[in-house]
Structures are given as structure tokens and as C-alpha cells.
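Next come the structures, one after another.
What follows is chain A paired twice: with chain B in the first complex and chain C in the second.
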Partner chain A sequence: MKNYTLLKLLTLIICAAGAMTTHAQVRYPAQLQIDTLEPLAAKANQVVDVNLPESLLRLIPIDAIKINNDTDAKDTNTKELKQIIAGLKGVYVKNFEFINEGEYTDADIAPIRAQLKAPGWARFVNVINKREGRKIEVYLMTAPQGARVEGLAILAAEPKALTVVNIVGIIDIEKLSKLEGQFGIPELDIEADKPAEKKPAKSSPAVAPAALTKKP
Partner chain B sequence: MRHSRRNLLLLLLSLCVCASSAHSAGAGKEAEYNTVVRLIESYYHVKHKGIPVLANIGMKTAKVLSSDVRRVMRFGDFKLAIFEDQDFSARDGFVEFHQQLRQTLQPAWSPLLAVRARDEGLTYTFTKEDGEKYKVLIIALAQRDGTVLQVDLNRAEFIKLLQDPEGQTKNITDDATSAANEDPE
Partner chain C sequence: MSDYLWDKTGEPEEDVARLEQLLGTLRHEPRPFVLPADFSAQPARSTFRPQRQQQRPFGWQRRALAASLLLTLLAGAWLVVRLNQPEVRREAAEQKLVTPQTTNEQTPQKQIATVNGAHDQPAPKPAVTRDIERVNYQPAKHVSKRAGTKARRHTAQPVANQAQEQIANAKMTPEQKAATEQLLLALRIASAKYNYAQREVQELSAAHKPETR
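Up next is the complex of A and B:
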């Protein structure tokens, strides 16, 4: 009996020692395997990857966050950005740029689309600008009760560029545009419509839909 | 008596396990930087120039330092390897080097930023938490030059890096390399 207790104690000590040197990374359902797009790198002229897992995001003190052009820390934009960041559990960005048009096809994006067919994911916004050949899709991962957004994915496809943004955590997508230009998230020209202009989608969570518009 | 001796043995064994874990983690700090330098040398067939003096410039002397060197001092301890006038265009590192670098550093180091541009070269930023300090490993390879830089950042500097990974990676690299090019005399 005494030996058994000692063995348990020893196991605990060894486990604790192991835990000190191991970095455990939690994987959330809304986190995409964004690296499945890596084969596309061989065709690209430029590839940018930004990875901000929860372990790094947690280090950022909310009070230290300030939008560059804000002069007043109490500015609404900064306040809203702080609210968004408080709920984040990960930010992942992968951007490809190509020299010529048509260097990637739908088949290249298939690994990401396949992940977005998993339960919980639903396409929320789909904007196609035929003149510019630009297509932006926003997918939301909602909790089983459908009450809140637990993650989102943006697929921005342009003739010579492809960007995938995966934001994990509780997000109010009305305020999504505030994250542009922060943490390596590119300017995707995401703007929230005024709630009065659009009716919320039937299957969507209780937030106003976002519109994706091209800034002048 | 026999039980207490066995307990003592078990305790010693446990302590040995803990000590060896801590030692291997510590040894890894040096090994990863050196392994990255060696990986670049073997992959691109280039040779680096170490800057061993640099880490001691401000630490052990009371000389009046230039603004560049003083700026670098905010990093605390750092290591720098410079590749000057070498040919990095001989091999395409876009896919294969990228994979090898990640295999070398992960999971101990987290990849924060990777910028691969065919005309401008490769820039990588990896991070690792180390107690109250944050270790940052930056690898920047252009057509003819390259740097491998490992610095310790304090929390405030590290947060700046997280908020603007691309801009701050460039600032840190510029500060370190400009200081390295200065004559400490």
C-alpha cells in the first residue's frame, strides 16, 4: 500500500517535470488548419503568415491597446477594439500574392472550404465584385445553441491575391472592421452596415450582418 | 529503515528527473539558435560572421555608447550572426527551407510571423516565453545578406511586437544590425 502511494507520488513528480518543459496548445473548434494551404506557396510570389495563439494574446494587457491614430484613449474605436480583443483566443492570417492572374484555382482553396463545412460553420456573407474579380466570404462558427459567435473565417480571393483570416474567440462581427490593421490582419475593407439598413439573416446569431464594401 | 532508504532513493530519482528536464530546456536555448545558423549554412552553402563582442558591449564596460547601441540595450542579452555578401539566391527556400526551419524550431518556439517574398527574401519571427523574459528569434535572409538574431525582450517590448509583428520585427533587426556595424571604440 505504502509502495503504491510512493509510486503515485513519483508519477506526479515526473508528470510535473514533464509539464514544465512541454508547451500545451489548446485547439478550439473554430481554429482552422490554415497550413493546409501551404502547397500554394510554391506558386506564390509572396506569402505572409501571422500566428497569434491564445498564449500570446493573453499577454497583451487590454489597457495597453490603443489605435494608432487615436489621440484620446477613451475614444470609441479604442474602447470597441479592447472589447473585441478581450474575447479573442487566436488570430491566424495567411496571405498569398501572385504575379499573374489565375495562378490559383478553387481546387487550391478546397482544403479550407472542406474545414468550413464542419458542423457549426455557416457562410454569413458572400460578396462578389465581378468587375474587380474580387470575392469575399465570411464564415461564422456559432456555439451549439447558436447564441454567440465563437470564431470566424474570412476568405478574400482576388485575381492576384488570396487571404485567409481565422479569428478564434467570441466576436461581435459588427465590430470586426476594428481589427483590420491590428495583429497582422490586413485591410480587407470590411465595414459594418447600419443595423437599420439590413435585416438579420434567419440562421445567423443575434448580431447585425456585416457588409463588405470597397473603400474609395 | 529499509523503507526510508527506498523513499530517499525514490526522492533522489525524482529530483534527477526534474534536474535533467530543466537542464535540457536550458541547453535548448543555445542549441536552437546555433542549429538555425547551421541550417542556413548547410541549406544555402553560406558562411556566417558571428558578433560575440556585441553582447558584452554595454554589459561590461561603462563607455559612452552611441544611440544605436543604447537602443539595442533594451533587448538585454542577444546573439547575432551576420551573413555578408553571400548568395542566397542559389536555392529556393520558399517551401523546403520553410519546412526545415519550422521542424527545427517547433514546438519549442512559436511562429509569430513569416514573410516569404521572392524578390525581397525571407523573414521569420519565432517567440518563446522564458520566465519573465520573452525570447525572440528573427531570421532575415535577402538575396546577398542575412541575419539570425536572438534577443530577450521585456514584456512591454514584446507586446509591441505582438501588436505589429511585421513593423517591430523590422525595427528590432535594424537596431541590432546597425549596432553591430558600429565600432565600439
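Up next is the complex of A and C:
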């Protein structure tokens, strides 16, 4: 009888220790492992590395955020920004800008693409602009019920820049889209000047609805 | 020859009678089974397992294992409780949010604005804002003809400064400010990349409309 008591005690301790370990290492399914891009920092001319796990996001006093240019009496913009932040569980961005082209290869992004093939992730948009050498992929992770987006990943590969964005948590992509140029978040000049003689009719997008390719 | 050996009838022979007398003492006598007064089950078991140590091999090793697991559990519990304390969390956040600045010594021509990079040296906190500002993309130089309603573009810097001022004016601790700035930077990049993809899709779908008619 005493043998069984000791065995039960040991099993209980092991289970409790395992549960505590699991609790200490909470990892959301939508969270990507993007540390594999770290070696590119040595080649890059400019690096932006934002790492905001849930513990740091909790530090942000949402109530204290107010948009100066929010002229609406009801502070609609501020409310929307707060709603976005409230649903976030983690924000991770890695942006590398290089002096020369070809500083990174597809092999550098392959580990991230492999993670995005996991169940739950779906490629929402895939834009390939061959003339400018840009490729932007937007992936969404939806809840099992499919009612809401629980994760967002953006892979933007440009000739001299590489950007990986991973947002974990409930996020409204329409509200995210509105952020540029609003809420004190300026629009970025990522839309390059295009020649006037460009004939968009000749561009041939990929057949898949989620993939559009722009050829020169 | 009599039938004495067969059915005990008749006269027994001398040899038979003598043997019967000699062996008769060993004859079976039915009587109830009575246990001896000093009999107990425990000594009987101990004959097979004379010592308790043999019954439980590795006895002290088991206790040592249980004790080590218990200690591990207690240490883990203490660690979790300690990490969840607000002061410790704040300290950890401060350490994480300190911005590296000394990369110029290693790569003079490069400007690495790693906000949270583990591969760089930490620097004073005010550098956070400066480095994030340095990361700003170029302001819009050209308003695309196809932008249409998006032609209301404005330069990035004043609005960014407005946001920075707003953050600076808010009653936040330095780590809260840094976290907020990082979040705005991340959202800025995410929104810009997403919108670029969206614009490309819209442009191509608009270009294909006449063909489908």
C-alpha cells in the first residue's frame, strides 16, 4: 500500500511540475518563430526589430492614449485604436533594409513560410510585382469557428528590404488598414513612383484569387 | 496361507504380525488440525523476505528522487510567483526596452535601429525615441495619379511628431512610453505593408474590369 502511495505522490508532483512549466511558456498558435532572421541583421543597413509580447503589451496604458488629430467629438479614431490594442497578444516586426540587392535569399524566409503552412494559417493576399521586384504575402489565422482573425502575418520581400510582421491576437484588419495616415501613424512611402507609360492591362495576375502578379 | 493380508480374515503369520506391531505406531489417527501456539504468518513471510530492504529495492533512491522533485516544484512555484510580481515585471520590461546605440562603433557606415535586438549593446532610454524616429520611412514624394481619393496624402514627419508629442505628454512611465512607441511603429509598418498589398489588388482588379466586359 505504501508503495502505491509513494508512486501516486511522485506522479502528482511530476504532473504539477509539467503543468507549471506549460503555464510559464504560454505560446499562441499564431505566434511565429522569426528569430531565424537574426543573421540578416549583420548584413542590413538598417534594422527595425519590434518585439512586444503580451507581458509588454500589458504595460501600455490604453486609456492614456489619445489622438491629437482626432477631431471627432466622439473620439472614434482613438476608440478604434484602443480596440485594436486591446485585442493584441503579441506584436513582432523585423524589418531589414539593405544597401545592395540580393543580400537575402528565399532560403532565409523559408523557415517562416514553413510555419505559415501550419493548419489555421491561410494566405489572404499574395502580390508579386516583378517589375519592382516586390512580393507581399498576407496570411491570416482564423479561429476554429472562423468567426474572427486571431493572427496576422505579413511577408514583404523587396529587392533591398525584407519585412516580417507577426501580430498575435484578435485583430480587425479593416481597422488595421485604416491606421496608415491616421491615429498619428503616418502613411509610408512604399508605393514607388511608376512610369506614366505603364499599361496595367498587360499585367497578368495569377489565376488564384489570392495571388496577384504584376509583370513589367 | 490365510487371507489376512487380503481382508484381515484368518490367522496372521508371524512375520506379518511382527511387522504390523512394529509399524502400527505410525498408523494414521484422525484428529482435528491445531496450530501451534507460537505460530504466526509474519515469520513465514520473513523466511522468503528476511529483510525489509530486500522487499523495497532502491528505497533511499526513491526518497531522494521524491525530495528532488519536490524541491524542483517548490523552486518553480517560487520562480513563477516572483516573475509575476509587478516590480520584477517592470524591471524586465525596462531591460528589454533599453535601446542599443553603440553599433556604430562596429559598423560605422550602418545605422541599425534595433529596438529590441539582443545582439546589440544597451543604451540610455532617450535613444529609443531617437532611433525609432530615424527608422521613419521617407515621406510621400509623389502622389500617384491612380491614387484617386488617396491623394490627400500628407508628409509623415509632422504627424509622427504629433504622435510622439502625444505620447510624451501622457502620464506614462518611460517603459510605457517605449512600449507604446514600439507598438505604434509596428502598427505603422504592418498597416503600410497591408495597404500596399490591398492597393495592388485593387489596381489590378480595376485594370481587368474593362476586359471582362
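As a working rule, the second predicted complex is superposed on the first by the 142 of 216 C-alpha atoms of A that agree within 3 Å, B and C clash if a C-alpha of one lies under 4 Å from a C-alpha of the other, contacts with A are read in each partner's own complex, and residues count from 1 in each chain.
Methods note: a residue touches a chain if its C-beta (ideal position, glycine included) is under 8 Å from a C-beta of that chain, and two chains touch if they have at least 3 such contacts.
Here the structure is a predicted model, which means the values were calculated and not measured.
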Subject >> Dominant contact partner of chain A by residue count, chain C or chain B >> reply: C
**OP:** Considering only the touch criterion stated at the top, classify A:49 as touching first (chain B), second (chain C), both, or neither.
**Re:** both
Original post:
A:122 contacts which: chain B (first), chain C (second), both, neither?
Top reply: neither
Original post:
Which holds for A:41: it touches chain B only (first), chain C only (second), both, or neither?
Top reply: both
**OP:** Please indicate which partner A:173 is in contact with in the superposed arrangement: first for chain B, second for chain C, both, or neither.
**Re:** second
Original post:
For A:59, is the partner it touches chain B (first), chain C (second), both, or none of the two (neither)?
Top reply: both
Original post:
Of the two partner chains, chain B (first) and chain C (second), which one does A:154 touch, if any: first, second, both, or neither?
Top reply: second
Original post:
Of all the chain A residues, which ones make contact with chain B and with chain C?
Top reply: 6, 9-10, 13-14, 16-17, 20-21, 23, 38, 41, 44-52, 55-57, 59-61, 64-65, 183-184
Original post:
What residues of chain C sit close enough to touch chain A in their complex?
Top reply: 56, 62, 65-66, 69-70, 72-73, 76-77, 79-80, 83, 89-90, 92-93, 96-97, 109-117, 119, 135-142, 144-145, 147, 153-157, 159-160, 162-163, 165-167, 170-172, 175-176, 179-180, 182-201, 203-204, 206-208, 210-211
**OP:** Can you check the complex and tell me which residues of chain A touch chain C?
**Re:** 3, 6, 9-10, 13-14, 16-17, 20-21, 23-24, 38, 41, 44-52, 55-57, 59-61, 64-69, 84-85, 88, 91-93, 95, 125, 127, 129, 136, 138, 152, 154, 156, 163, 165, 167, 173, 176-181, 183-191, 193-194, 196, 200-201, 203, 205, 212, 214
Original post:
Can you list the chain B residues touching chain A in their complex?
Top reply: 3, 6-7, 10, 13-14, 17-18, 21-22, 24-25, 94-95, 98, 107-108, 110-119, 127, 129, 134, 155, 158-159, 162-163, 165-166
Subject >> Residues of chain A that touch chain B when the two form their complex >> reply: 2, 6, 9-10, 13-14, 16-18, 20-21, 23, 25, 38, 41-42, 44-53, 55-57, 59-61, 64-65, 182-184
